[in-house]
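Quick notes on the structure that follows.
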Amino acid sequence: MTTLLSPMVLFFGLGALAAFARSGLTIPEAVGKAMAIYLMVAIGLKGGVAVAAEGFTPDLALAAVLGLTLSVVLPLPAFWLVRRVGQQSAIDAAAIAAHYGSVSVVTFVAGIEILKLAGPPASGSMIAVLALMETPAIVVGLLLARRATKAGGITAGRILHETLFNGSVVLLVGSFLIGLAVGKEGYTQIAPVFEAGFRGILCLFLLDMGLIAARRLSETRSLTLQLTGLALAIPIMNGLVGTLLGAMTGLGTPDAAALGILAASASYIAVPAAMRMALPEANSGTSLAMSLGVTFPFNVTFGIPLYIWFARSIAGS
Amino acid sequence: MNASIERVKVEILLDAPLCDLVTRMVEEAGAGGYTILLALGGSGRNGRWREDRVTGADTKLLLLAVAADDIAEAIVRGLEPLLDSYRLIVMTTRVGVVRGDKF
Amino acid sequence: MTTLLSPMVLFFGLGALAAFARSGLTIPEAVGKAMAIYLMVAIGLKGGVAVAAEGFTPDLALAAVLGLTLSVVLPLPAFWLVRRVGQQSAIDAAAIAAHYGSVSVVTFVAGIEILKLAGPPASGSMIAVLALMETPAIVVGLLLARRATKAGGITAGRILHETLFNGSVVLLVGSFLIGLAVGKEGYTQIAPVFEAGFRGILCLFLLDMGLIAARRLSETRSLTLQLTGLALAIPIMNGLVGTLLGAMTGLGTPDAAALGILAASASYIAVPAAMRMALPEANSGTSLAMSLGVTFPFNVTFGIPLYIWFARSIAGS
Amino acid sequence: MNASIERVKVEILLDAPLCDLVTRMVEEAGAGGYTILLALGGSGRNGRWREDRVTGADTKLLLLAVAADDIAEAIVRGLEPLLDSYRLIVMTTRVGVVRGDKF
Amino acid sequence: MNASIERVKVEILLDAPLCDLVTRMVEEAGAGGYTILLALGGSGRNGRWREDRVTGADTKLLLLAVAADDIAEAIVRGLEPLLDSYRLIVMTTRVGVVRGDKF
Amino acid sequence: MTTLLSPMVLFFGLGALAAFARSGLTIPEAVGKAMAIYLMVAIGLKGGVAVAAEGFTPDLALAAVLGLTLSVVLPLPAFWLVRRVGQQSAIDAAAIAAHYGSVSVVTFVAGIEILKLAGPPASGSMIAVLALMETPAIVVGLLLARRATKAGGITAGRILHETLFNGSVVLLVGSFLIGLAVGKEGYTQIAPVFEAGFRGILCLFLLDMGLIAARRLSETRSLTLQLTGLALAIPIMNGLVGTLLGAMTGLGTPDAAALGILAASASYIAVPAAMRMALPEANSGTSLAMSLGVTFPFNVTFGIPLYIWFARSIAGS
């Protein structure tokens, strides 16, 4: 599979190898954050400019409804599996389920690039779907934990606010709207930074992610065989369901693949922060080891090509 | 040290997402101020961590507030319900301060 | 007004909105500093390369004299207004006056770009004027405070040194001289980074500035209605005076506008640091809330277009 | 702790622009060394602040010097004139040190 | 402070390249955890240094571990052979902690 | 000499001047590290892509053998000189000798660029030689210190691991292999970041290095006149020996110059870290003041042009 030899995946692998070899290589946190901000602004802008050109299509509304539905529904089987197969407490299972219902921006960006390398790209409006899918799973997770989130005086409203206005949502949505407002002509004047630089920066960012994911994996103490299995099975299941749903309801093939990638991706930024406040008793080590240590690397290497292949197979049939 | 008055230094090790909550509680307990330092890494029952995580969720901060005895006690008492669930670490030390009237 | 819809202003607005919505979005300080360094080196280089091509013109000498004069004179009405209307102590008023006599590099850079979008650009030599205007107002401010700056053994010489050799002056002047030395051919080999990237980076930097300015505004405790009014009135007054002076003495229209922008801009980096040492009793909260929280956003959104419009109106009349 | 000798840890919270001045005074008081940490944010009578300000003017530092009693006292006395105008916070704590001869 | 138990705060100032070694020793001494802060600069017998060195070799860290008396003593004893050659600084302070059972 | 007026050298000089003038200019450590990572990835990738095109030539094997030999042999005369002329203890002399046997990535990168400005470039495979030369001198240095490296329970294996897997070796070798794997076509998609940006970033990085080197020099307390002389004499000697060896054994002129630059360069990242662990009694102030404060600036300004001139002179004779 040629995507495995793309520079992006190779840099991810280099980072992981460096971490496993206990190399001294580290990328300062400020630099990692800077790259993440750059990627989110770039992807938001491009999405907005694309939608400014395409206009709001019925497909966008459809994709939005599908995304929201998935984000609400997908935590349920994940919760059940983590309780039964993973043998976790209700609170831990709820926290993990929220991670898998929500999405990972980086997985999405990597997926969009791999899609583009392999054929027609997803439409710009999928960025809006990405933003819509960040939050609902958190609410579902809290409901699954069957408790009012009032620990230490933190109200549900507070947590909702933190999640809706977390940095990545604001950046994505804001840049999307700016792209929409300035359109192609306005974008041209600032495009060099966001166009020419994009893939190179993504490589360096994935190098960092490889380091971080592998370190998370090797420092964790709470990952059982069952949980590792689930961290592979749940994204595959979610990815195939997302892709299928997109294809069946009439999204184009690339958009169906993108929806699959979103469904398969697991949050490791927004959801952990929300859970740390709302479900402090949940073991954040377990959920992060699963989403960041296992699911993320799997998606970047094998998962994304699988969902793309699946989307094409359905379309071709 | 003649000019120096005894006060209590309260040090709280906390997770970054809790920062707003904890600083609000410190202020409500009557502290005149506080200062926050960034922790770079550490280890505890939940394993090792380092700062260069993307996931700011487990960045740790060290909050430091100098206060009179009663206010320090109010800070600690206020935090007590959070200690177990949020796994805070709270330390108090007697320190000499100059400009003691300030605290 | 089309400049309000330029990506730069929109990103500034996004940052401000994110801060007001109490979003978790932050840009690491190291990254903000890196962008500031990049912008100063880029603008210094470009100025130097431009002057290497244009040669030293009498206009440059004229602009330098005008800039120095403004930086010495403008603190005086500002001091008077802040004492009378703003009801501040002499020391606080002196500190605030120094902020308004000095200049803001970022306002200048934003202004230069907005000028360029709207018509003929300012000449490269205005960067030298920018550097000349950083320091004199500090000296005037200290004289206005009517006290020898000897608090805690800090001598006047020390403060002057700190101000003359502060990071941004060194970077601007140094890069200007390097640009002058290497000229167009030498610049070509390093140009891609400083040319193609410039506006995109400026967008990201203004996003950060929006966050910072809005946070400053919402966390301040010392901003009265009168001070807010002055933080709008003083830059308008200074901007119009600067533009008029430039136009009357025969600077070209873009350079007159640039001089107006410099006069209108208020320092929020070099002067606060100098005041912290020289006038520690001054309330730095007040002066920063005015210059960074009110004047800077005003200039970036409404002020700059106003001064440009004014320069053109005079020229056209 | 048998091998340990008592010394004084002086902690000074200061604004970044004052760093040169304060370190010079600490050295002049006879301290054999000091270490500086960066503060990330805080709150006091002048409102809240955080590190991600462009304006380095209100970045705060925490200077920490371990010294013998007389030197610690000299440090504190030397700083006293600055305390009010520069709004420094100075804390002293008795600590046990190993290699006490070093300080 | 009624709910508070006395423990020892061990603070170790060390060079970054020694971090792995020292944390291993702290763990072997039985400490339940530790936290690391980054130092920004300092001065000692070997001159001044600041963090913005490319050469991470002289970045300094401040490791902080709260522990019961016997464990703190074990930490200090374990480090003693390293003190001179690696120029570590080790401080111990008595602090009050809540959740004392944790340490 | 035109290279002294290249923007890279001028920015290095600006940084040094700013530090000597005690300007407040600083570049955050995270940013310096980010630029170093960028430069190492870029140079590794380019090297790998070049070797993918050229193929493994006998020249590569020859250069590798020469580099390894130099790294093993060069510490010996350096050790002897530092003991005799420099009057240092055996342990200090061994640590210093290790610095001079090993290499500096930044000196190499600056050298490669200056070579390219002046004529035909060095071949991509020299990056592999750079990576090979990082470690052996450390082992030789420890042998020269005539003691088992068991201080505080640190084993020789541990130190070797740290050195072989230190961040810069991993980045260089990893990027080199990725460049080799993806070849020219794979590289094209990520090239803009690494090509267009390279020299501009190198300028900013050298600005930072100028600051750091000059500060190191002005804050050191242990640099005697003899040691300063050696910090100039050893690189000149090593540079000429390396160039000569390359030319005599039949490397092309640019590769011979590159080998000279490697031999002349002194480590200031990998070796100091290794020595801090293995020879903690060695005075790291002395060795860093020599390699970073004296040798590095000398090489960037005068040394590199000298070795290039020497390589050309031999070839022309």
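Letters A, B, C, D, E and F mark the chains as written, and numbering starts fresh at 1 in each.
To be clear about the criterion, a residue touches a chain if its C-beta (ideal position, glycine included) is under 8 Å from a C-beta of that chain, and two chains touch if they have at least 3 such contacts.
This structure is a prediction, so every number in the text was calculated from the model and none was measured.
*Asks:* Please give the intersection of the contact partners of chain B with those of chain C.
*Replies:* Touches both chain B and chain C: A, D.
*Asks:* What chains, if any, are shared contacts of chain A and chain E?
*Replies:* In this structure, the chains that contact chain E and also chain A are B, F.
*Asks:* Same or different: do the copies chain A and chain F touch each other through matching residue numbers, with over half of them shared?
*Replies:* different
*Asks:* CA centre of chain A versus CA centre of chain B: separation in Å?
*Replies:* 34
*Asks:* Approximately how many whole Å separate the CA-defined centres of chain B and chain E?
*Replies:* 18
*Asks:* Return the distance between the CA-based centres of chain C and chain F, expressed in whole Å.
*Replies:* About 40 Å separates the centre of chain C from that of chain F.
*Asks:* Among the residues of chain B, pick out those that touch two or more other chains and give their numbers.
*Replies:* 37-38, 93
*Asks:* At which residue positions does chain F touch at least two other chains?
*Replies:* 26-31, 33-34, 162, 196-197, 273
*Asks:* So, with touch as defined above, which chain pairs make the list?
*Replies:* The list of touching pairs comes to A-B, A-C, A-F, B-D, B-E, C-D, C-F, D-E, E-F.
*Asks:* What residues on chain A touch chain C, complex-wise?
*Replies:* 28-31, 33-34, 37-38, 41, 161-162, 165-167, 170-171, 174-175, 178, 181-182, 186-187, 189-194, 196-197, 273
*Asks:* Which of the residues in chain D come into contact with chain C in the complex?
*Replies:* Touching chain C: residues 15, 17-18, 21, 46-58, 81-82, 85-87 of chain D.
*Asks:* Provide the residue numbers of chain C that touch chain D in the complex, in ascending order.
*Replies:* So the residues of chain C touching chain D come out as 26-29, 32-33, 36, 151-154, 162, 208-209, 211-212, 215-216, 219-222, 268-269, 272-277, 280-281, 283-285, 288, 292.
*Asks:* List the residues on chain E that touch chain D in their complex, please.
*Replies:* Listed in rising order, the residues of chain E that touch chain D are 11, 13, 37-45, 60, 62, 72-73, 76-77, 79-80, 83-84, 89-93.
*Asks:* What residues on chain C touch chain A, complex-wise?
*Replies:* Touch residues, chain C against chain A: 5-7, 10-11, 14, 17-18, 21-31, 34, 117, 196-197, 199-201, 203-204, 207.
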